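Read through the structure below, which is laid out as structure tokens, and then see the notes.
Order as written gives the chain letters A, B, C, D, E, F, G and H; numbering starts at 1 within each chain.
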Amino acid sequence: MTAQLLEGSDAVAHAMVAAGCRFFAGYPMTPFTEVLEHMAKLLPPVDGVCMNAESELEAVGMAWGAAATGTRAATGSTGQGLSLMQESLAEITLAHLPLVVLNMARAQGDYYQATRGGGHGDYRHLVLAPMDVPEAVELTQLAFHLADTWRNPVMVFGDYYLAHTYQSVDVQPIDFGPVPVKDWALDGSSSGTGRAKLISPLGDFKQRDDVGYDLSDYYLRCAAKTAAMVAGVEPMIDIGYCDDADVVVVAFGTAGKYIRYTVAQMRADGLRVGYARPITLFPFPSEAIVRATAGARRVAVYENNMGQMVDDVRLAVLGRAPVDFIGGLSLDSSGFGIAPDYNVDVLRRKITAVMEASS
Amino acid sequence: MTAQLLEGSDAVAHAMVAAGCRFFAGYPMTPFTEVLEHMAKLLPPVDGVCMNAESELEAVGMAWGAAATGTRAATGSTGQGLSLMQESLAEITLAHLPLVVLNMARAQGDYYQATRGGGHGDYRHLVLAPMDVPEAVELTQLAFHLADTWRNPVMVFGDYYLAHTYQSVDVQPIDFGPVPVKDWALDGSSSGTGRAKLISPLGDFKQRDDVGYDLSDYYLRCAAKTAAMVAGVEPMIDIGYCDDADVVVVAFGTAGKYIRYTVAQMRADGLRVGYARPITLFPFPSEAIVRATAGARRVAVYENNMGQMVDDVRLAVLGRAPVDFIGGLSLDSSGFGIAPDYNVDVLRRKITAVMEASS
Amino acid sequence: MAERELAMTGIGGQGVQFAAQVMSRGAIAEGRQVMMFGSYGGMMRGGNTDATLVVADGPIESPPTVPRVWAAMVMHHEYWSFVQQQLRPGSVVFVNSTIFRGELDASYQVIELPVTDIAVDVGNIMGASMVMAGAISKATGLVSLDSLLGAVEASLPSYRVKHVAINHQALRAGFDAIDAEVAPAWSARVGA
Amino acid sequence: MAERELAMTGIGGQGVQFAAQVMSRGAIAEGRQVMMFGSYGGMMRGGNTDATLVVADGPIESPPTVPRVWAAMVMHHEYWSFVQQQLRPGSVVFVNSTIFRGELDASYQVIELPVTDIAVDVGNIMGASMVMAGAISKATGLVSLDSLLGAVEASLPSYRVKHVAINHQALRAGFDAIDAEVAPAWSARVGA
Amino acid sequence: MRSVLTRGSVVIDVEACKGCDLCIDACPPDVLVMTTHEVNTRGYRYPLLLPGCTGCKACSQICPDFVFQVYKYDKPIEIEVAE
Amino acid sequence: MRSVLTRGSVVIDVEACKGCDLCIDACPPDVLVMTTHEVNTRGYRYPLLLPGCTGCKACSQICPDFVFQVYKYDKPIEIEVAE
Amino acid sequence: MRKIEGLTVIPTDTAPEHARLVDDFTPSLIDVGAHNLCPGCGEPIAMRSLLEIVEELAVIDRAIGVFGIGCYTAFSNNLDCEVLQALHGRAPSLATGVKRAKPNTLVFTIQGDGDMVNEGLQEVIHAAARGENITCVMLNNGVFGETGGHITAATVMGQRTKNSLEGRNAKDHGYPIRLSNLIAELEGACYVARGAVNTAGNVAKTRRMITRAFETQLRGEGFSFLEILTMCPTGWFIETQEAPDYLDDTLAATHTIGVVKDTAAK
Amino acid sequence: MRKIEGLTVIPTDTAPEHARLVDDFTPSLIDVGAHNLCPGCGEPIAMRSLLEIVEELAVIDRAIGVFGIGCYTAFSNNLDCEVLQALHGRAPSLATGVKRAKPNTLVFTIQGDGDMVNEGLQEVIHAAARGENITCVMLNNGVFGETGGHITAATVMGQRTKNSLEGRNAKDHGYPIRLSNLIAELEGACYVARGAVNTAGNVAKTRRMITRAFETQLRGEGFSFLEILTMCPTGWFIETQEAPDYLDDTLAATHTIGVVKDTAAK
């Protein structure tokens, strides 16, 4: 292998290019900024386009346009920037366009936004949450595959650590198998043929008589499409030491990596604790959580926010065991107050407290 | 009483003025448009200001500015428009400003957005969902009281029916008691005094030495403030016929009014069914739901979306009884496909099916 | 608590929405509570125009649209199928016999009146629904004639106040066209 | 699977981040896997600059920041308290004796070297961290000298390639300043 | 009786017309007139063609509802009109 | 020895200086010079005042770090300088 | 010949003999002629002209229209031309993405004054400043027609709208933005013109402008912008017959008709 | 007298005798002088001038500053002047809400070119078109300083930024927007000027512009706009000493210094 030292944002950029992404548009915002910078360097040499959009609203719009031509396209941002994109992120889903969205979040406070959709209506995005750089390289490529497969936006949910941690990685294109042909893609060639293509969040039927779009019909079909996607996507999760665990700790992303490490150390000290790390935040790996926690006396959820994923864990466990929220908002004051503050010793204390409660 | 015939949007506008709202900014979008039109008529005569903002982003910004002066201010929109406002709605919460937001939604697909916050981070808005015009007149006034009490945005979650139904109402100012003095409001008078006021989503501490804003500290305090609000606000709910009910149906807003009506008719026919209609969607009346469903064999949730509030109901019932989602997306094709399609006969059939399953 | 549901249907230009507003305001003047939900298909002429009017002695329990109605006002057959579904044995159905073409179930209490002709006679083609409102008043007492007359002005846009008189004529003409209160709204306890 | 954690601390201008990159690339050249997380306080001179470097024979299990470290490289005392908390009995602590002022627990295996002086001697004030890297190579074999030398160029921004030579000098000077591999990184199984 | 030189003609899709009158002013030789009583099934008045059409396409180009089809005669024709 | 007419003077908050040099060019009579070796505790070179200040405020107005306090003498003074 | 209402009326229900068709009912790039826009609306007229020019230039197999949200959206699922439907105000960014990804296409937007001067003002200005090689088209009727005739940032002084019934006044509503003139200030803008569809003459003139705008893009010169004044009798609260003159007297008095900028002409 | 590095140096650690203070370290409306902006940054200079003028005009007890997001945000919690912190690009709308709700205040925004010409271009143009009686101030350094020196819509041709290291070129990045000139086109804009803080002379000139802009608002004339060119050595990737000249040669060559519009003057 020809591993190289890449910063997370650089590795993600390389992974996008390896996945065939040829259009990227973004607006600087820490810690998303570096991804944009790296794409600006990597795309031109492969005849790709990277737009320094004048704002997030324009960035997502440009990506929308490129995606409509069948080009593998991506955009992204952080906190505020993603909030600005919510209208477009909701409606591009109704337009059935594949788009990869990078949420280089600061901490984990945007779990609800990512998994419920911060925009209006019933749309859903697939959400992948890597725990570190190597996993990000894989999931970023998978994101493009899933987006094309389901003609739906897919979000890669990273954070400050993912963006700024250097790791030795060997970025190679991964073959996830074939995707449907993009016979819907626009290039002008169907104009004047009597069946010109239409891509619209309002509907995909051409007008009949003087009836225009039929939202009541279309929204139902969109809901059905979403249901099919949710049924068709295999939820991913990383589970460890759960078989005989008294307490199972659930965490995602970088926090998940810290929990894995902490739990492994506690196991080394003979403590009966396990971990479950959802990799797909949507669809949420509920069945796997149910199995992983079947024997647990208590379940603990750690996230760097005021308690969001804990809803999904409780909805899975559904009262079969107490679910304790042991997370909370904790930001690193050195990192401009935007990087999550993780400390293995602190995590161990929190988990220990739950174990005591469980016995 | 001097009742008059008012269209819902007109009644809400009258209620806002009665509540002392003196600044409104909005951008037309059906079914929110009429509220804007009525405010444009009602405010000038009482020396209020109504701005025809050039976009939703600018509307929420103008309302933000007015709110910062201590003026009772409101804005609002529908679907797409509210999605555009998400960044501002998230951050104005961190700026601790009272603001009333009208979501004249189309159907009920924005429940997640309203209750989880479609923006970034851990902020929360109080959400009130009236079932009809008279209740909207009351809750709209309450919204301003709660906003001032908690220095937090409060959303009134209406829909197409609320906006367009005419009802006989007598809009009188309601006294909800005193609210804290707005000693934080800006008017320039504290400038040059050595303790000039600051209103910012980044923090409320003035700079010391060369340390600027401390987000890690501030976000924690914001989270604490939110927790205090959630603890301090009495959840509201309308419950009927639940004591001996085999099945309890949960629904909110206009759907709740239809369910009430349907359940009443079924009761008249001797069927043991009850209803629970959350009035505050956030905080969600979980305890009340637990009590109302204590004796139920099954719980049914009806909402005009693909299943959102059902999460909160399940989180409350937590497995003690099966919770069936009997809602779904159903839009009226005559009403431009944006009005929910409710039919008492259909609802009765759905509820009956649940009752059969329960016995 | 008695609630009287009246379903109204017609096509653009017949004044259905206006009639619904006049009846609503008339009922309010009599101390009753009212809910009225109208729907009409866009700006095009000849489009459908429906309305559901609920009048009650107390707070309205009915939602904006109801499954069964106490009575119906059918100005045109074009879009009346939806209203038809709401009728049940005993429902009072006021039909504009000048225009209406369609089946009427024998179980209904049907009251036919050529309201368009009558409107033309009183020189107010647009007033057909007003004529019908007058007729409904006489036949059911849902809202008294005086209350209807008093409600006209408030229901007209300012630039139309000059039309008060002709609408009063239409109301009276409809009222006089019925000889007796054949289906009293407020005696028996009908409806939900 | 052995993981070697090295905590590095200093102030802006000492080249700590650069050294972390050189060591990382050197380790990769030897077929090892690496994780490196650096943090520095803004653009101001003299600000803190820390880095956590983890080298392993296989996939990295350590998160970006670790509670305990195998070794530490202390270039300055100003912000070293955080690193101090990560040390435990037996940790190998490389100290820049030219500058460092502070308490060092007796339980550590301390290796002091006046790297700033040495750097000045080889005419490369900014090279203090390079000197230390060379010393760490000799004393622990975490990364061989050759690998470090080979990693310098790739770690320099293009417009700085001319600085390769002086950095090589600094590395060698540090390497030569230590006489033996006193704390082998890859023999015993230390640390998690 | 007088005869009017007529170079073109139009087909009018009466049912498509919404009675906006735009074609009337647009017609250079002024050979389009609106009906005064007759209306189409949607209740709109619609245009009638008088002799003298030049086939200039002004009506078809300005009609918002695509009501016109314009023809040019291979050679102009004379049409008799009663005074 | 020569004497320089000096109308004003400045107080320099050396520790606040970030060594950007803006004041040097800004000073009309050119009486500010940067240290060449001396640095403040943050490692920045800082300005020194030579005789001949006019108290014009150019330095205080342009300094991004608010390093200057400017004074005007009640009456100008003469300062002796060695050539 | 038959007599109707006392006039000698030519039969117009069937095609005449010995004559050739010179203009069909519906332009061939519009699927269905019937639409539910109001009587006398200017937008279908503009749509017809635009689509006919696309055909004339023989670039139909490269044409992609990006639609904004307004009454004109009624045409977005009714064309035999590829359409990408954008959100309100966002068309220029989508068009940018399309054009950058597929440079050989002819990309044009169809937006209204509400869509372009209100919600999406920034999008079109940035696209123009970038010299984006697309054509943005604004159908300017000075109101939000679709929502019922509300004031926009292009509504002219004194114009009556649903929320300025006494006419736009500076104190409450400020001044109209003359977008074409603003765009012309930007270096990236190569061709900028303002036409109208209120008379047969203006329609003809506007067709020439459309041709020039598209040619500018096809030659790869850069950003071209076309503003077309359209009638909105409904939003103006007047009769359809009065609309053409009302357009001249109000809208066109502020938004002057003519070519504003043409770098190629120099 | 002491000799330092061979020069006769006046002691400058304490106040001289027989002299009066004519300018203090930190302007009185700035709480803490120390800040973590870069060496040679032009923004603190502009802040000083603005706040001193607010004092000079004796309107401090009515002054409210609305801040955008950029490096200048470091001052938003550091003033003895009421501050409303806005989100990136949104300051003009917040300022509008403040002013309409409290007409007697003096409301000014502090924004950067990234904040105003990129993210919030539409906000300031609409505010100007409305003739909103506020003063919008743009600190223009032609880059996103805070994010590390990226290109903005105001970056001039050839300017080197982090993502245009070879200098801005038309093909990839389009042309810069000269915002003051665009704003001046709008009827609602009454006073528009562009200053700079790269030399003592320009600082003095800029102070006069600030005065005029605030007077325009105080007289209730309407929208006033002030653009101030500031140095960003970090984002320009040059030495602090080179910044003043670089500003003249690059930024000011496109964004010309001077009064662009002054309706009162006519």
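Methods note: a residue touches a chain if its C-beta (ideal position, glycine included) is under 8 Å from a C-beta of that chain, and two chains touch if they have at least 3 such contacts.
Since the structure is predicted, the reported quantities are computational estimates derived from the model, not experimental observations.
Number of steps on the shortest path from chain B to chain F, with steps defined by chain touch: 2.
Compared on C-beta pairs in contact, A-G and B-C come out with A-G as the pair having more. Chain centres here are Cα averages; for chain A and chain D they lie 35 Å apart. In terms of their C-alpha centroids, the spacing between chain G and chain H amounts to 39 Å.
Inter-chain spacing, taken between the CA centroids of chain D and chain E, is 91 Å.
Looking at chain E, residues 44 sit in touch with two or more other chains.
Multi-chain contact residues of chain H (touching two or more other chains): 34-36, 38, 87, 121-122, 126, 153, 173. Of all residues in chain C, those that touch two or more other chains are 44.
Across the complex, chain A is touched by residues 21, 24-25, 27-28, 32-39, 41, 48, 59-67, 192 of chain D.
Taken in their complex, chain H has these residues touching chain G: 120-122, 125-126, 129-132, 153, 170, 173-178, 181-182, 185-188. Those residues of chain B lying in contact with chain H across their complex are 22-23, 25, 49, 51, 53-55, 57-69, 71, 73, 87-88, 91, 95, 186-203, 205-210, 212-213. Taken together, the chain E residues at the contact with chain G in this complex read 6, 8-14, 16, 18-22, 25-26, 28, 33, 35-38, 44, 48-51, 53, 55-58, 60-75, 79-82.
Listed in rising order, the residues of chain A touching chain H in the complex are 27-30, 33, 36-37, 40, 52, 54-56, 80.
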